[in-house]
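Pasting the structures here.
The same subunit A turns up in both complexes below, where it pairs with subunit B and then with subunit C.
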Partner chain A sequence: MTRRSWLRSTRLALEVRQRIPPLHRAAFILGALIVGLAICVAILVGRGVGLASIYEEFIAFTFFKASGVSTVIVQSTPLVLAGLSASLAFRVNYWNIGIEGQLFMGVIGATLVAIFDVGPESIRLVLMLVAAIVLGAAWALPPALLKVRLNVSEVISTLLFSYIAFYFVLNQVYGPWQDPKDKFPHSEQYDAIERLPPIGWEQVHYGIVVALAAVAVVWWLVERSRFGIQSRFVGTSPRMALAIGLPVGAIVASSAVLSGGMAGAAGFVIATATEFRLTPAMAAGYGFSGIVIAFLAGNRPFATLIVACLMGGLYVAGESMKVFYSLPDALVGLIQAIVVLSVTASEFFVRYRLRLAHYRGA
Partner chain B sequence: MNAALELQGVHKSFDGNPALVDAFFSAAWGEVHALLGENGAGKSSLMNMVCGLYAPDTGSIKIDGRAVTVDGPLAARGLGVGMVHQHFKLVATMSVAENILLGHGKGGWRRSLRSVRGEIAGIGARIGFTIDPDARIDTLSVSEQQRVEIIKAMIGGAKILILDEPTAVLTDDESAGLLTQLRLFAQSGACIVLITHKLREVFSHADRVTVMRGGQTVDAGRKPSDFTPEKLSALMVGEARVYQIGEHLPPGQVRLELKQLSARRDNGAVALDRLNLQLRGGQVYGLAGVGGNGQAELAEVLMGIRAPKSGVLELEGGPVPPASSGRLRRHGVAHVPAERYLYGLAGDLTVMENFVITHLKDGRFGAWGWTDRRAFERETDAAIAAHNIQGARAATRARLLSGGNAQKLVLARELSGEPGVLVAHSPTRGLDVRACAAVHRALREASRAGTAVLLISEDLDEVLSVADRIGVINRGRIVREYDAPADRQEIGRFMVGHA
Partner chain C sequence: MEFATFWLAATPLFAVPLIAAALGLILNERAGVLNLGCEGIMLCSALAATAAYLETGQSVALGLVVAIIAGAVVALGFGIFVVILRTNQVVTGITVVFLGSGLTGLIGVPWTNVALGGLQPIHIPGLTGIPVIGRFLFGQDPVVYVVLALVGVVSYALYRTRIGLKLRAVGENPQAADADGVNVEAYRLFAVMAGGALIGLAGGYLALASAKIFVFDMTQGRGWIAVALVIFARWMPWRALLGGLLFGGIEAVIPRIKAEGLPIPQYFLEMAPYAVTLFVLIYAAIRLRAGQDAPKALGVPYVRQDRR
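Moving on, here comes the complex of A and B:
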């Protein structure tokens, strides 16, 4: 037998970890976060930003001052809903890429109620929320049925449905719903009664109640209802789910519809708390943010809440960077991407152990 | 003249379980040599040594009279050995020529696709295969894919070609065609080793035959014409050593009946051919047969995940619409599937979730809107204790269980609802002796409690020792039925289709 050199007989081996203790996972994610932030700090320092001001103006301002924290909460509220929306679909392996379209349809629903002054004023906001959820859910239904009945890829169909929703929005804001006051392509402003009221602390509004209620409902659905445990089987072992007689198609379709409804609720919060009208730019980015949040949170509702707040913090910190140092948009995006990527990459080290292996010949 | 391939004194054990004990084998140039034996007799293990997949614990391999070490598939190819496995090693989305180029490893990148196309045509002409080198693999039928595997081995320079159950996936016409072509290849000076359990093929197409049983070579290198079919099948299945457990009860009422049921495989070939079957309460029905004779499709039809082509499935006297897994389960049909982690357990979920999933609606576990987590844990812990599932807690991920304990978990769940019918497909495959005994005991106990148990197994000993009634399945039909105890030799002959 030939002798192998040391170099050839040693290699890096990946081993799947059999057990992953939660603390272990948390430690790796934290470590990755620190590495990612360190890279970001290095980039900022390279751009001439001082270390002390990085701490003061970004970290302290964003996370420790009341005005900063309240901005983060306002920023995070729709992100929580978008994240929940994505997680509801992803947990049954349904790749809902069309969250933005469903979000738009939610805004359309809310705006419809607002423009035509449907129902008494006392429950107008509730009606707007219901309309937003129903329209968002309805927009998610056709791709879900196509998937379940005809096995049409939902990645394509939900994405294309997003485009349809977007052009429908353009049609409305350049057509029948165009603001008669300023002739800009957006709808008329909502009346005061059609806006989410502030809760009385800084700028925080009642959207936070909607988001927290949504977290509670999703927790109940996935952790306590029969549907939750069944959908877990559909998501992880679809062929087994079919073999033991679970209604796989119905579970996938209803998860997709719930996801759409949740996206609609996100649209409601953006429309009634931030924009006060339908605009063609209001959904931009929420779909992909929702996907990233759901992925980082492992589709768990409380983790979704936390991750969404961290993402909100990143946005707010990014905005203040632009203001204080007039850093370009691209650099802000780069920093956000580095943080998200490093946390995502930590999943690899959570799952696998890297080890030097010595190859022994037969 | 040297023997083409010679193995002597080969021992091999896996995890302390001996798979080959002093096995030997010898085949000459220019012949088709059949290697005959039941499933698990050690045929594939022995040949996997020659193509470099396993290394023998002890023993020698000689090719053309020269002692060799085969330390990998590349080395085997260098020695002129090619093997066509039961599961083809082809990339479905690439063309025939690309797959063959890919299979060439060292230096393969230098050959242009054009020259590979030329070689495919050349070999095709030599042995009468026609295959389009630019066809994508997933557009080819199973028999065409097999041809690609054979051509791949031959372009790789194989002078010794080993085929593992090549006709298991083919129709009769395709089988005859393939065996004739292999014969031509042998006559051109090559050596063909045909791993099989079909006596018919041995008599019609082999020059010589070696028989293996239980990891040992029991008869080597004689001409098929030296045997009668009875003698050869007796060598293959061995002497009777039936140990029946428990006594037989008078059979109860018919719980499940299949009438003239036909079904096809995914590739369109006939899997079940107007099969009739009655399962009675209080009885273990053992379905014996060599793998690939329709057992998997039968289990899938009974699970409700394969729609039959024609025929009727009746449950407690009433017909059930085809492919309705939910309805079958609601009517009390439980399953111990052969592919445990595909159909039986969700490996990434917990023992608790896997235990309760089929019982959520039976009242023990709370309402639709609020499942009772305490009841989940209580009942799971009780089942773990009752079935002696070792290494399991309610929160353990199911994939971490050993084979035997995973199977006990499946049994615990499936028997927990006191099912009317239990279908167990190869329930002891890969389990150790103690786990096997526990599974057999559970099946017997379920049947004594009134369940109609169908035990589908490729292990004749298992069927003989557990079943009250025995059916033999061959090419999608039940060709014979017996009340236990039955004659092992006779069953063996019907299993291999030669009686």
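Moving on, here comes the complex of A and C:
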């Protein structure tokens, strides 16, 4: 047999692995993470950031210094909520790409309550949270109905709703809600009573309670409730779920609305703990971050908490990269994208085995 | 009269990026690959075009060629993930959007916010001067006519050639195509790259002709509107041309309305393209039942060994 015909009769075949040992899976994902992070480090070094300062900014400051840890916690709080928001929708294969729009509507709800001083001061913050959740959920409802009733792709419709929300925010901050004091395009600052109070350690505020409560509620919802089991069915095999008589449309729509409400809550935390007002830039990046967190955490609530904290570290480090090395905001998104791509690629090696197959008489 | 003249004359400037991107996406989706990374590919090629234009003595042609190559290269990367590694097409596509945004933000600084001479319209004595439709039909830049021709080329290639037939087969029923000896992976990769080249042309045109400047995240959702346009066009090139003109017309009317000083709040005007896209999607779902025309294997990775 000549070499040429051997080449012709041989091809690379994909074999689906029947069984995936957990250790095997973990090893591949870890390997992918290392490759992805190495690419990110290479990019940073290429932009003139020394290895020592990468360690200092990304590891030492963010995770081993009280002021750093508290900054990371503050940054992670809305990220936890954004991650939960994405995971609630992704569990039923509903691709909610419009988290930023729902987050904006949440801030608008909170700002409405704050501007018009709705309700007694003692429960003002609670009212703001409720308004944020309701408006976020309401903004997620039309795309959900369109998906369930008319099978309109939610990927596009949620994103379009996001753009519409953004221009509505611009309309508000350049129009009726423009700050009368400094004439800048943002709303008037919230009163002291309308801000989340600090818990008394460094800068950490009560948003952390909102986030932890959300993790607990979502955990109960997906792991312990009837809704959780049903939605898992819908996510794994929608046709099977229909066949056994589950209300698939209602489950998908309510997951989408819950996702929107959670995004609204994330908006509430950013507005009442960090910005104290509605600004056009406050939602930037939270949509994709939520998707990345949910994806890396495999839609599991506690894993979401951990991944969100790591993302918080990335945000904080990215912020100092911006200040000290004048690297753009886009850096955080780029690092996230590289990490996601390397992990998705690793799934291939987890699921399939490559084998040289020989064909006779080819 | 003057309003109509200027509006019509400006429409192709906004329509061409949408039409070219939609044509690219039709090639992708007809082969079964859902390319949600369109927005990111457009951004990368817009930057590539701008950089090539500024660094090589302001040659528009060279800028567009570089944009096409950049689009094909980024699409090849996307294709390696979704076709060879069988990754989830939705997650990978969305990630490509943010990869494009991050990458252009990181390396694009020297070429950002530089006003470009860009591509200029042609002038045919006698014809361009015809009232109202003269500038619309005969006073555009050369790329407009090239893209018009490309609609015909893509249509012919898809429906009248052997390659087009195999490409559609791969998107409708990869099992059958594979059994018939069609190399599914090769055809899908080819479709992704060819589509990426067209999306690249869209990005390059956006920077060099429509905007005549590169700014961060300049695509502003146009890649996503193109994805919606493909559904509206029911995966047919000629309908993408009509849809692109409709959407381009809406984008083109916004600056006209502003110039006329009509009392419509500015930011509600800016919402219009997105709101119209939404209505068009709903219309397509209700009246055209567009979902039925989708390639059957759209978004589904093909693994020969998967039992069905």
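Here is the rule we go by: the second predicted complex is superposed on the first by the 262 of 362 C-alpha atoms of A that agree within 3 Å, B and C clash if a C-alpha of one lies under 4 Å from a C-alpha of the other, contacts with A are read in each partner's own complex, and residues count from 1 in each chain.
FYI, a residue touches a chain if its C-beta (ideal position, glycine included) is under 8 Å from a C-beta of that chain, and two chains touch if they have at least 3 such contacts.
Computed from a predicted structure; not experimentally measured.
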**OP:** Answer with first, second, both or neither: which of subunit B and subunit C does A:239 touch in the superposed model?
**Re:** first
Original post:
Touching A:225, do we find subunit B (first), subunit C (second), both, or neither?
Top reply: first
Original post:
With the two structures laid over each other on chain A, which partner does A:300 touch: subunit B (first), subunit C (second), both, or neither?
Top reply: neither
**OP:** Return first, second, both or neither, reflecting whether A:153 touches subunit B, subunit C, both chains, or no partner chain.
**Re:** second
**OP:** Based on the superposed arrangement, let me know which partner A:25 touches: subunit B (first), subunit C (second), both, or neither?
**Re:** neither
Original post:
Counting only touches as set out at the top, which of subunit B and subunit C does A:247 meet: first, second, both, neither?
Top reply: first
Original post:
By residue count, is subunit A touched more by subunit B or by subunit C?
Top reply: C
**OP:** Please indicate which partner A:345 is in contact with in the superposed arrangement: first for subunit B, second for subunit C, both, or neither.
**Re:** second
**OP:** Name the residues of subunit A shared by its contacts with subunit B and its contacts with subunit C.
**Re:** none
Original post:
Can you list the residues on subunit A that touch subunit C in the complex?
Top reply: 13-16, 43, 47, 95, 97, 146, 150-153, 155-157, 159-161, 163-164, 167-168, 170-171, 174-175, 288, 291, 295, 327-338, 340-341, 344-345, 347-348, 351-352
Original post:
Where on subunit B does subunit A make contact in their complex?
Top reply: 55, 69, 71, 303-305, 325-330, 335, 337, 342-349, 353, 356-358, 360-361, 367-371, 373, 400
Original post:
If you look only at subunit A, which of its residues touch subunit B in the complex?
Top reply: 1, 18-19, 224-230, 232-233, 236-237, 239-240, 242-247, 361-362
**OP:** Would you pull the subunit C residues touching subunit A in the complex into a rising list?
**Re:** 36, 81, 85-88, 90-92, 94-96, 98-99, 101-106, 109, 216, 221, 224, 227-228, 231, 265-268, 270-271, 274-275, 277-278, 281-282, 285-286, 291, 303-306
